[in-house]
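Labels run A, B, C and D following the written order; every chain starts at residue 1.
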Amino acid sequence: MKTYRIGICGGSGYTGIELLKWLTRHPAFEVVFVTSESQAGKTIGSCEPYLFAYTDMVYITLDDATQRTDIDLVFLALPHEASAKVTPQFLAAGIKVVDLSAAYRIKNQQVFEKAYGFTHPSFPLTQEAVYGLPELSRESICQARLVANPGCYPTSILLPLIPLFKAGLIQNSTIIADSKSGFSGRGRKTDIPGLFSEMNENFYAYSVGNHRHHPEIVQELEATNFSPVSLIFTPHIMPIDRGMLSTIYVPFDTDPTQDIYDLWTKTYKDSPFVRIFRGKAPQIKWVQNTNEIHMSFTYLPSQKMGIILSSIDNLVKGASGQAIQNANLMVGLPDTLGLITQKGV
Amino acid sequence: MKTYRIGICGGSGYTGIELLKWLTRHPAFEVVFVTSESQAGKTIGSCEPYLFAYTDMVYITLDDATQRTDIDLVFLALPHEASAKVTPQFLAAGIKVVDLSAAYRIKNQQVFEKAYGFTHPSFPLTQEAVYGLPELSRESICQARLVANPGCYPTSILLPLIPLFKAGLIQNSTIIADSKSGFSGRGRKTDIPGLFSEMNENFYAYSVGNHRHHPEIVQELEATNFSPVSLIFTPHIMPIDRGMLSTIYVPFDTDPTQDIYDLWTKTYKDSPFVRIFRGKAPQIKWVQNTNEIHMSFTYLPSQKMGIILSSIDNLVKGASGQAIQNANLMVGLPDTLGLITQKGV
Amino acid sequence: MKTYRIGICGGSGYTGIELLKWLTRHPAFEVVFVTSESQAGKTIGSCEPYLFAYTDMVYITLDDATQRTDIDLVFLALPHEASAKVTPQFLAAGIKVVDLSAAYRIKNQQVFEKAYGFTHPSFPLTQEAVYGLPELSRESICQARLVANPGCYPTSILLPLIPLFKAGLIQNSTIIADSKSGFSGRGRKTDIPGLFSEMNENFYAYSVGNHRHHPEIVQELEATNFSPVSLIFTPHIMPIDRGMLSTIYVPFDTDPTQDIYDLWTKTYKDSPFVRIFRGKAPQIKWVQNTNEIHMSFTYLPSQKMGIILSSIDNLVKGASGQAIQNANLMVGLPDTLGLITQKGV
Amino acid sequence: MKTYRIGICGGSGYTGIELLKWLTRHPAFEVVFVTSESQAGKTIGSCEPYLFAYTDMVYITLDDATQRTDIDLVFLALPHEASAKVTPQFLAAGIKVVDLSAAYRIKNQQVFEKAYGFTHPSFPLTQEAVYGLPELSRESICQARLVANPGCYPTSILLPLIPLFKAGLIQNSTIIADSKSGFSGRGRKTDIPGLFSEMNENFYAYSVGNHRHHPEIVQELEATNFSPVSLIFTPHIMPIDRGMLSTIYVPFDTDPTQDIYDLWTKTYKDSPFVRIFRGKAPQIKWVQNTNEIHMSFTYLPSQKMGIILSSIDNLVKGASGQAIQNANLMVGLPDTLGLITQKGV
């Protein structure tokens, strides 16, 4: 099997570390450099002693990384603004880019800059960037130089909903996504709310009505049928390492259960990471450390409401696993390579 | 201060134990017996060694308890069917009853028996029972012989909603309560899903569309304006000891924020356990081990949707604390007695 | 009951907050100011919204606090160096001081400065300071102007061991204390190891062979019989909010079980916070949120080794509860005032 | 690569499930049946919906399993007594056995029966059984028909200690192993102490002085130099899913640090699962979900005491991972096959 040379920019945050973990068992990807601004010059082993495959590799700076032309593909696990700055440099050097930040996810510049609070230095590239949900955009990803890897919340909400929107099953009504995330989703930043003693035994909603993932979800839903979508998205944070559950409320005048299961089954028949549950609610523990998404549907006839439950690991299918899945397609490999954790599936 | 003699039926479950903990510092209540079918004959100290105030007290059986006439009030922390059986006996002996089970919460016998799965042996008493939300039904509770102590989920949903319904602020539309409970809410039953190794690092929805607390919530909301209420209630279980957060979605055509805060402030101005948050989302850690409820409101004008967040400790305001609050009123004491955990508030 | 006016220096760390929580229900202590360098000028309510008894109190600076002469007693929940600096100022103003830092715990200046890394600005006061274990030094504490409140680890180790040393029961041999602490013991500092995502599901030993509490424990043990003590102390950190368990290995040539239980019973017969377990190992859950210490002893005849298990809440008996207990004695109140959490005990 | 046919007896407990998870990515082992007495006749998918590789496989009974002759090797993740009963049947059919129970670990029948409380039906087989620590007994395991897979506590204690005993480095003195285990180590039994609400935020010692793993550890240490070993072993239980840390105290008159690191390095130079830490204490999070053991050594000259820290995942290196490692050797494969989770190491 041909080996592809891989760079990782941002190797001391949780998504960067998760990339490193999964790539150690990827048969066709070889990590040739890892950047970290805070740890540059140190070995990975001295910082993250459990990453034994990289014990002696030395973190380089992002500046040095942008001089490298000896790689085929780079993963950017960087702050949004840093991604927006270096992406054109890598592309110019003929290097494919999977960007785990939000820099190229939002197609409307005004919406982007309002949500992310900085002037985008390379916004036109957004039009070229492919929003990377491999189960739904396989062809475009295969052709892409630049993939905008979706956010964790959007992944958990879009994969169950898009087939329904595409099929015209969802009426013009308000959808509510009440989502709950594991704590690693907030990254490795050091502040008081991030402390163990603050979060342990705790639970709360945050960014009510104004989370940055809201425009991303709406954009992708609206792209399916070119008509406005009314979405309420309420994120909550849970005292667990990893995992995410979205409870999604969608009004339906008549029972759509059979149609929905048919659509899901058909859409995802070749997608081994999508598991469809009937008569059993997904549990976060069932997807931890996998690249899977589990989904179920229940209809409440009295209230004419459908409830979708969907569950992913926010660090895997919600970030680094999906990034590898996209990278596989971009270099011409099967998307599941290095990501299957159970034999024969 | 006069001392009231108290019995506790069901003293080896979590709500019974929570009653015992709080009553040790209650200045006017003296626990004179505690029942436990599984531990009858043993000392409390040998079973729950941290309950030092009761070290040498011996658990008696429920049968023996019903022979006792030397108490003023009994707390029933029993299975629903056991409560329904013994309540008439205590009442006949002139003993006031606070029932923490659901036995007397539902006014419609058919609805009750469908939800709880047994033929109610003393259903007519339900008509006399007062649904015990002290902040809203103080007068009736003061007169009551029998108080049906509300469920935890209903408490977290009704306290913020009832003032809005009473004021006619809520239109005829579907309300969604997406609730998350600490694990103690499921009681002390021993089965596989109850194990630490199953629940730790886990999170999931359960009883989607058919939880027993649904009819209880609907009944109490409908009682405020005698018109049907459409409610969707989705409970989830969290890997924490205690605490509950309800995220409640209520449609409003125009921004009701000021009205809601005015209503809450006015309704709860004499209720020290109700804390109203503005511009800050309640966190479960802030109510643990207190009898408080914290609530906030946010309006999303684009989606014409209001979001209420409310937070309680499921074992205190959601069960045993509220039970003591009810008992205080029933014997003529201030409802906060023994329950204030911060001076001067 | 006379009311004493209380100041709290360092009210935004975990021990300061724990003091505030307990003092809200103390019948004789009134908090008149609270300092916080980082939050000075803000209300306590805006920073810690669950501290409702102090909602509108404004944090002042430590500098301002040292100008105040209107208090009877001050609790210092400050960094060691800050305590060492301000203590003389409070004492000079006739204010009693309970110092929760380590500033005045170590009687040997060289040992102190090696362990804590700064030149002590007021070391002579250490000779006057009373090491505050109320169960063992009641008389001296009653007379003291300055009490050095013991560390959490030392409290859990000294209370079971000192009676044995005093009675000459322990031979000249090495004692091993293998201790495990809840995470709040490390304070509220924001760094990577403090993050929820680093500590959750984790456990490790730290400061092996060189923890600052080692000289404190040795000093207090040696003070009992004026002969050298060989102690090994290994602290570990646990992924729980609060609690501490010390597993203490003490060699004995013959079975001392009866002697030890007799000594403990006699020494602590008037100490309601000390609970002695026989045939049952203490659990951390049994002491959380109490000012108690639980202890047990087991002898292994084949290895001629005794094993003491002792358990406290590191924030209560290991810090703020014990500080209040000391303050009670210093102003002439019963040491249990405001600290009993179960009636009649 | 040749494929070996594998049976799993006891597929609904935690070690059985862990075997199933790891075997899905093992390139040479094919699971052909799984037993479960409680779930016989049901599909694995209906019981453990996350085990997607086995969705449609139906649990069979142990009785049926013992009739099967179409497998090369069987893993027994059964209660001790059940293992002792069926092992001779599998061996008689020419099937290799890796027994994860303790049935064949103890060479002295009296010691065994005292510790495990039943009359062993096939004790003579114990003499043939190889105690399966692959890093130390590779040759014997390669020849074995029956491997007694070590307990989790013993694995964490023996791997660091045996090289020291073999080299004669350890004097005739008492060794203390203070061990802390993740909760999955107690298995999937349903009782009150196993409930989430009992264990969460808790920590305690258990079986002080009489844990069943004590004779197992002593036997294996004594086997290294044929002289008695004095060991104290104190297990504790932690509120985490998986992981184990042993803090081991070994007296040394002079500093053995260099010798110990030399011995460890030499003994384990071909053992990729053994990681030796110097100047850094192992953390449980670093071994979770791996088959690794991490170990470090610190010498305290004042107390003439050495402290070994060793860390494993109790379900992997402490049970199912090590079982697969043994099985690999028994059929002639490299012991790391299917167990390496990081590339190139």
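The definition used in the following text is that contacts are C-beta pairs under 8 Å (C-beta built on N, C-alpha and C of every residue); 3 or more make two chains touch, one makes a residue touch a chain.
The shown structure was predicted, so the numbers you read here are calculated from the model rather than taken from an experiment.
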If you walk touching chains, what's the least steps from chain A to chain C?
1
By mean C-alpha position, what chain is farthest away from chain A?
C
List the centre-to-centre spacing of chain C and chain D in whole Å, with centres computed as mean CA coordinates.
40
Rounded to the nearest Å, the gap separating the Cα centres of chain B and chain C is 37
Which whole number of Å gives the spacing of the CA centres of chain B and chain D?
46
Residues of chain B engaged with two or more neighbouring chains:
198, 201, 239-241, 285
Can you list the residues on chain A that touch chain B in the complex?
174, 176, 178, 180, 198, 201-206, 208-209, 230-232, 234, 236, 238-241, 243, 245, 247, 249, 251, 281-285, 288, 298, 300, 302-305, 307, 309, 311
Complex contact set, residues of chain D against chain A:
21, 23-26, 49-53, 201, 275, 277, 280, 285-287, 289, 340-345
Write out the stretch or stretches of chain B touching chain D in their complex.
14, 183-184, 188, 190-192, 194-201, 239-241
